[in-house]
């Protein structure tokens, strides 16, 4: 039950994109087409879940015993980068179309603050191994959900008619703001 | 023979004001042959006919003016006797330029000498009957103008087992088919017998909308002792009930597959007017050179059902019906839903011209450039199950790939969506443009694929 | 000591990761022609699409793998074409610059509109219902589809008539395929004499609807002995394949359909 | 008469029309809102008129100014800004300061509507965006409720304010106690008539239902969304009540209090921001009901209608995508290419 609440909290209440504003770059970058967004969501779920597990292990078994917590950031990024490179290799092999559509945003998951954020938050909230994985998975799920939701909205924005100066990213950011306003309704749903 | 209520109800549809009362009780009136006639050579679907006369030739009524220029094409005959004034590109009732033969009538209206006695068609083989239909220049008179002989010769492997006679006449204002059903129900019966003989169909349906009880009883009387399996289907009054695919669904609950033809579900639909034209062509060897036109609308002096020669100009038709009253907003060839707004009245009527409509400004649709407000009424009205609102937005944004994915090619351009649209968007125009662009893209894609194949 | 631990941790993690990736790369490698990337790097990368391909990358792939012409990149011009040619060893075709011209002169002053139009402001949409009420069935409708298709804004609609500014034209020919009445042609830039009409109606019919249309009087064709201007379907047609130098012919046209325009500095009606 | 002087029109088909238009729909909505406005005036008095005037005036003026700045057609003749203004006013507590109402109206018209290009292009219901911006920015002012005109149980009232039924229930249980004399303070009859604290226009179920019927009769809305919205809330609340009658309000209380009727008939049926297909409307209504009840039961707010509709607005493009009707002559539903 606790784990389910953790997931609900990460998906709805503390959605990484919509209430914590992490990972905005790919959120805006790959939300133009449903299939691409779903692919990105999948990639992020993979990277985030595994990175949560590995970084937790790295912290618990290497950094903490050796009192080298100050190396957290750089070591975590190393791990994340590996996973991202791995996903990139897999996608290039299995789904070149998706690989092409994701373009620069795929390697950019490395520097996606959402992924690093999950790893760091796991340590900060003193999650155990299973909690870390659950939290990582939930956060990634929330990211994917927000991405897919936003894709639908982007499609409608593409047909809308904003003033010249608001076209493109500007109106997308306004929309993200309104979406996050709507998600405020979930505030207080899970007290964690 | 039996009379059936509505069998199946196709999806969507609208209920416009019908305005049929001003002409439905008026008997058909024959119009004298006018001085000049403008006979278009592209009245039918398919290749325009090839002219066989030239400027200065003298012709008599029923003499061929042009011959078929392909398999899907038709003969065009002289509607009266006179001199050919010109054969050139002119404005036609479709709104486009097309080959037109201008005839100056000599006033004598002589016909071809009768070469053979009325044929005893019952003894002739089907093949010969089809030849006679072709020679008579018969085309679908409901509006599309598909050459009838092509429909009567299904390719190998296709069997037509259901014949549907279309008397729905769902377009508002028009009463031409209604008058045919009342005044010539016996002739329709003869036409059905000929079609029955050609096709050997197992089932015959005659579909009439339930707002035409007089036509139904006239048909019931004419067909009461018909030998084959025949049913008069009283379909629900709604637009576009008379559209070919919708009517097939109403009678058989079969859907013509996307991109297919009625014969793919074993059906053939003929308009009641076409049925009478077939009788003329087969029994009397008389080619199709005249038809009944409903001249109506609130800007015409005297609404009438007129029997007029093909090529009669709209100007002459209007003059015969009491001239223009007041200030017309639109002159429309055909009905108000699918007809073509004319930019000139010096245009000849076709074999497919079922009506000429003069509407005042108060009666007509005014299109605007307002954005879609997403009410979804077009979605509910669309008989094809499309999403006209999103289609039009995508086509406006030149997003033709998405338009293709939304099946724009399945649009039948009936106009139900634009009739309902509270934002008055020109949805049908969007669809037509989208269809053209999607087809163009497809051709380009195929050409490119062909090139690549060649290169590799 | 501290330094050693740091080095060991980061180095060790990096080593493990590198090992994993090395193994993965071995099993998941994909081969791609290196020339595609080379050509792609030469292209401007703005994905304008004027070459007719879906972006620069696609065009690069087509050049290398399917032998597409190398001079299609308009923004890059001849300079980039030369570079691409050098990198993959293909000769650059050299031709005179082509510019678009609208062969109609019937603006709102010359053609009186008889019937109003109520529908989409798009040429091909209007053409499907026979035009937008301008009585000439061959001339420019002025609904600006060509102007919208022009990637550089070289087409202006002036008094209901499309006019190309040749100095801005990048010869992409997009407008040519957009015009439903086929009024736009690509011609060599140096050609200066044009018959600005496309109507195939007979003279009296043209006169009825347009004050500057070609009435097929044949004076111009006779003046040049059918060398460079010839009559075809009730219309004088300029043969742009050869230069036409005799400028006296312009004065011959009673309708002022013939006009002289050079390289963008010409007189536009 | 010659052609050139005839002056008639060429246009694409069809040449005839049903006669309905956007401005007619908007005027019908305004007419349908009149009963609720009247009810608001009866229950909360002058504040109703004050807020409505401020919101409508701000919306119309803002729309006019923004359209002029964007150099677009001035679209205010379609009456949509008036509708937004009235709907926003009906969604505000009666005592809200005027300047806050102005802030809400500006968020509604400028941010939620005109930034996207005006009517037809907005993604979220403008009035609800206005309300939620206010709710998050001024939580105290937005949850201070005036005492209605005819209080059945005066003992539950301090001098000037009173809690809404849902608010009273939630606050009491937050501290672990059942609210005292709840069913005497808020009898079901006054919930239906509208004699209870709440937003200006959400209280009178009778008036809202009357308006909803006008919209249904004039074909401005279809029954799908409201029925599924209210039905889902009723079923959800009913199940909860069955499971634990002491802690959960009966279904009727959930349905008749809060903004369910206002939301179901006037906000969840907004044409622009809701699905176009019938099945989409069903999903939309059910989703609204579900999210409303989740927020009411487990969320931080006592009321969730506004947020639930906004969230479903965000889902609308996806719902439209996945509820495409089957095209005539095609085999299956093609959801996605």
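The first chain written gets the first letter, and so on, giving A, B, C and D; residue counts start at 1 in each chain.
Going forward, a residue touches a chain if its C-beta (ideal position, glycine included) is under 8 Å from a C-beta of that chain, and two chains touch if they have at least 3 such contacts.
All values reported here derive from a predicted model rather than from experimental measurement.
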*More C-beta pairs touching across which pair, A-D or A-C?*
A-D
*Using mean C-alpha positions as chain centres, tell me how far chain A is from chain D in Å, no decimals.*
33
*Return the distance between the CA-based centres of chain A and chain C, expressed in whole Å.*
44
*asked:* Counting only Cα atoms for the centres, state how far chain A is from chain B in Å.
replied: 59
*What whole-number Å value describes the gap between the mean CA coordinates of chain C and chain D?*
51
*asked:* Going by the contact rule already set, what residues in chain C reach two or more other chains?
replied: 114-115, 118-120, 125, 128-131, 133, 135
*Could you tell me which residues belong to chain B and also touch two or more other chains?*
95, 340-341, 343-344, 366-367, 371, 426, 429, 432
*Would you mind listing the residues of chain A that make contact with two or more other chains?*
159, 161
*Taking chains as nodes and touches as edges, what kind of graph is this: line, ring, star, complete or other?*
complete
*Would you tell me which residues of chain D are touching chain A in their complex?*
70, 111-112, 115-118, 121-124, 129, 132-133, 136, 291, 294-295, 298-301, 304, 306-308, 310-311, 313-318, 321, 336
*In the complex formed with chain A, which residues of chain C make contact?*
5-6, 9-10, 13-14, 17, 20-21, 24-25, 28-30
_Looking at the complex, which residues from chain A come into contact with chain D?_
34, 148-149, 151-153, 155-157, 159-163, 166, 171, 174-175, 178-179, 181-190
*State the interface residues of chain A toward chain C in the complex, per the touch definition above.*
58, 62-63, 66, 68, 71, 74-75, 78-79, 81-82, 85-86, 89-90, 92-93, 96
*Please give the residue numbers of chain B that touch chain C in the complex, ascending.*
88-89, 91, 94-97, 340-341, 343-344, 366-367, 369, 426, 429-430, 432-433, 436-437, 452, 455
